[in-house]
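Can you read through this structure? Questions will come right after.
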């Protein structure tokens, strides 16, 4: 059943450059009908991509570590003496990576042109290479290489230029899963977030100035200038509280107390904004996820967004606890189930050695509807699960509305009848 | 009415091992139709389970306390001298617990096989015992025993091995209610959470390195290495601010201020993620709770998930404030009410000494619908309450759709008419 | 129009004791049909209640202030010398308050019995007086009086017993608006919140013990016992960071860093829980608010919860920005509007000196529906506003379903036609 | 298509005073049908407004900077010596700004009268000038000017009066985008927020008093009075932790630990409240945004809120991922799409040099419905996008219900047929 749920897509052959681009970035250009193509390609090249990622991540961590644990008191002797022998291969890897990224940059194009002539012209462009070169991560990639080369050439292990290799850690941002969600939320809420931080900055300056005026006569050597008071202000309003500058007078302490409370109050705002931002993002990603589940099933393959949109409107979300029976054997086929989240087990007797389980993205119960016969197995949840359910009645409404869908289903049904007589 | 709302389930006899497993863990294997069976068993053995839990919790707290308050300055003399007399019984309890947990481990199987032959084979397996033995809590259980034995045998009360008995506190996690919700949310959001902490780590390293470069000439003995600067970085970005390492230069203070704000900003992200995660978890648990309420009522007993799913779709959520009249005596029976949250009181005259109140999980108003007669009592809320309401119209739609439900209701109605003529 | 929207309720005369109870607590016992009765009574006695609240709040603040600013270095001389002259009237007020609270305690009964005989018996009971006496605030009330008396009688202004008068501040909790929402959320989420704090406590003990083992040889006088390490643990994991106990070794600093991050991570959970808890509470209070708006309109007065429930189901929420035209003069009457939030202005020409504005809780557009004629004025929003809209079609469905509602509306319509020919 | 989607509004000529008011504040009085008028005016005068804003923001930053970096140790010599030459033009700008704000204050009236006679009378009123003069920002504007004049006249650069010029930073609040959302949420939740801070204040006083009683004998010179203990209390409960006052006794440390946890727990409440407040505000702003999109389209221009309300009820929200095909060329016209968020590209062959893209606020797919012919181009999303979709069926229901809408659409259709035969 699981094999049937995703339909077979055309086999697209990637060029060498595209393979390298994918290995370096884990992303693909958008082919038309891209989801399934991407899925297949990812499956084929994912091992290569993992291997190259691992090498790069290890190189980055080693590059930063050589610097961090360089000083005598800390480092293991072997590393301190042989840091150059470690640095040379790492730099080689980084330079190779940089050159490959420059070469494959045109493949970062989000959308491929449809006809070949344009495609050729596209590939020749240097636009994307320049774009990579001056991008934040492109500049970091270069900086790290230059810093490493400086250390090797000058032999001066304590010059500040050599320490910039620590910035290699920023290259890790390419490999942190989930960071794009954080980035999306931060980008969406950037206006309110920056308003909060600007407001905080203004409050720090004003409260620090007031404290300076209050304390300057009592502690002239500590509060010797407004910038010193500003240092107190930021240390206090972020509730860091080093204790190097402390108000002494009663009024100063009252202002200090106000500063702490105002600081905490202001800094509770970002948490509040991010909470609502993440909730919104989560909801939208769930909707997109449902759309992906539906639009990539064999049953609905080749239908346009209009029809899929209609289908998603008829779907009802259903939550069942672990161990609940979704439907029983021999019951009437009343709905198709899409697993949005969780897992179900098909109850077959005698029990097979490895139980047949369906997971997020799988579909079940469609065979009964297509063949109009009773369920031939019970289905039980093994975890708390969320389903998208399409009712028998809504299914027929859909079929009557979309002729394409009807034809498609009939052909699938005929195909199945001849090939797999015992699927549920 | 409350007695009727949950139907009587078959009386399942637990084996001794199952009883002990339940007493130790408060959980049961999943029988088919498990909710009601579990409910009954829990009611029967809950006292035993509470008793054993109490003994274990007290033992754990004593075991940790002997160590924590051991030192001269703090401890009461009696404990310091007699710690061995306390440790021996505690260790005995822990060893017994460990052996019983090993013995009953197979009962932690989440699902029981349906036929006996498989069941027998199941029980003999050592799979679950090994699984317990190498689980986190299994290892902690063992470690605590070994640490206690070490203290008793060596007689050395200040060796570090003896202090490991403090890890016994981790055994408490079995008894903290609500921790599984926190665990579920943390697990669900682990990707974004770990992305946040990795990002923070990268920022700490980079900002600390920059500060090191800025301050190393001014405070060479304080900022003597990058690891020292890293200590400053984490103390500052978590806004702990011990005050042992403080930037002195103007540029260093600017970097320090940036570090504090970036730290607070980054650490607001987990709060935001958890907020949306808890909201999502709460919503799902509410839906599951509704499902449990419906699926375990006498009225709907024995119906499959399909039918119950249909019922839950027809339900409308209804919120009423404390003191509101849900329906009045002699009004037409227009709906069945399920209490999802809150409490109602049945208004009877003359008032009984203890008022008849229905609570979360109870149902009312079904008798009127079944017998098609006017309400025979008013119902008033005593708290702000949330109901799930099934309308008369939807109820009849349901009956016409599900023959099982219709037959069931007619038989209940007949039964009630003969037995309890005055229920509402 | 506004005068018509809330129907006139019977005039209930409060007994002296009930008046005093209301003046002290701002709450009333639950009469049947309590919302409107409460509204009227609150309007009548609110001035008295404000006056008594003000006296008590001032007394509480004075009582606490005398102690706080007592010490020489701070206090204004006059207060320090004459504190007794201030304490005597304050104590007199507190004692009077305590006696009145004891006397009126039976009125705190949440629900009044319906017949007089029971009512009499009820009033005589001492049950509620005992309940007040042993309640948290009852004990605080008594403690504050005893502490004040101790100071006056002993004349010893520095004994600790005299300082307990500062607990009078807890009496303020009766007058903080919004605190009941916080209390409701904390109560609802208490399980997960306490799970968080227990988890934190366990983590503090374990991390502190590990740090103790690591640091005890390096800083034997600082880390002289586990309790000292526990003090470090809580100061660090709450990110307070006094700086009196700081790890020195590398491993100790790593453990310290872990402690800070774990502490912040754990303490982000309550914020997350409270965020989802407040969102849930807010939603429910909005629903209850809608219910209150509907159930207290003249149009729907006297209908039971069943019918009001039906009405609320037909309502659609509508949000309009400031300055939007809700409907134009001479347009067809297609809906009734209830203002849930915000404000509208009735556009009349020539403009009256004070514009006619309707606010939260008011209704408009019902006259057109009742009399079946075109709108006789335009309505414009003056703020961003939220409406509950009942469509013409749904209104007729409701009338056909509920005969009571139909009769009611016809009689209102007749009444209006004869009395106010020009309402919209 | 984009040019058609917003209908052309009448060209309103602003008076000089209105232009200056707009340039200073970026806001306009509410004309009837204000959205489109405002849009046009904003487009025309936005450059002037940006220019004047920039001058004011720079002046504010310079004014504050002269003071902050005044002290010897920090300032660049040139600034310290020549501060007067900088202060004179800044003060000139501020005085001019103040006079212009006073002059244009009447234009801050939120709503303009409809007839001319009233309008004239309106403009002459000094009501709004007084209102500005005593507003918070009005007073700050004056204070800053006075402080600057004091410095220039007295020549005393270290008197506290001269430092008040730093308050000029508060003038920046007029230019922080997003601050009005924060202000709206804070205002809405002010009751619960202030309840939290009052509760915290009470807890600080009580815990500090207890700690004072516990520690006063051990550290008499540190805990010499309750106010000192209060300073400890606020420094501890906000987790600032300067480390200047630290409990020494065991009981004192326990109270300190409780204070930290209670402080963190209490201060998690504002984050929770703000999170739910922002979520609510976000939802409402989204609804208002949808209303704006719909009410300002050519198709629905001139319809009243009733009809637009009806339209918004028929709209369904639709989320599509980047790269999805919304509809294909030659497919049947089944819906109108409004872009709420995101971007789509019209797929035309041969590809034009700059692709035709539609963004938030644009509409597409209406031509097919109006002319009842197949789609003449495919539409693809270029980002994750959110649409408001109006189905063919609902569109016809709307037309049959609202005659105005029907006439409007027919006239547009006729117009289009004659002018632009190839729009989709």
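Order of writing sets the labels: A, B, C and D. Residues in every chain begin at 1.
In this section, a residue touches a chain if its C-beta (ideal position, glycine included) is under 8 Å from a C-beta of that chain, and two chains touch if they have at least 3 such contacts.
Nothing here was measured: the structure is a model prediction, and the numbers come from that model.
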item	value
Remotest chain, chain D as reference, centres from CA atoms	B
Rotational angle, Cα trace of chain A fitted to chain D, multiple of 5°	90
Approximate Å spacing (C-alpha centroids) for the pair chain C, chain D	29
Computed distance of Cα centres, chain D from chain B, in Å	42
Sequence positions of chain A contacting 2 or more other chains	74, 227, 239-243, 250, 271-273, 275-276, 279
Touching residues on chain C, where the partner in the complex is chain D	64, 67-74, 160, 163, 166-167, 169-170, 172-173, 176-179, 181-182, 185, 193, 197, 200, 227, 231, 234-235, 238-244, 267, 270-279, 282, 316, 318-328, 331, 334-335, 351, 382, 384, 386, 389
Residue ranges of chain D touching chain B (in the complex, touch as defined)	74, 239-243, 250, 271-272, 275
In the complex with chain D, residue positions of chain A that touch it	30, 34, 110-111, 113-114, 118, 191-192, 194-196, 198-199, 202, 205-206, 209, 212-213, 224-227, 230, 236, 239-243, 246, 250, 253, 256-257, 260-261, 263-265, 268-269, 271-273, 275-276, 279-280, 284, 287-288, 291-292, 295, 304-306, 309, 313
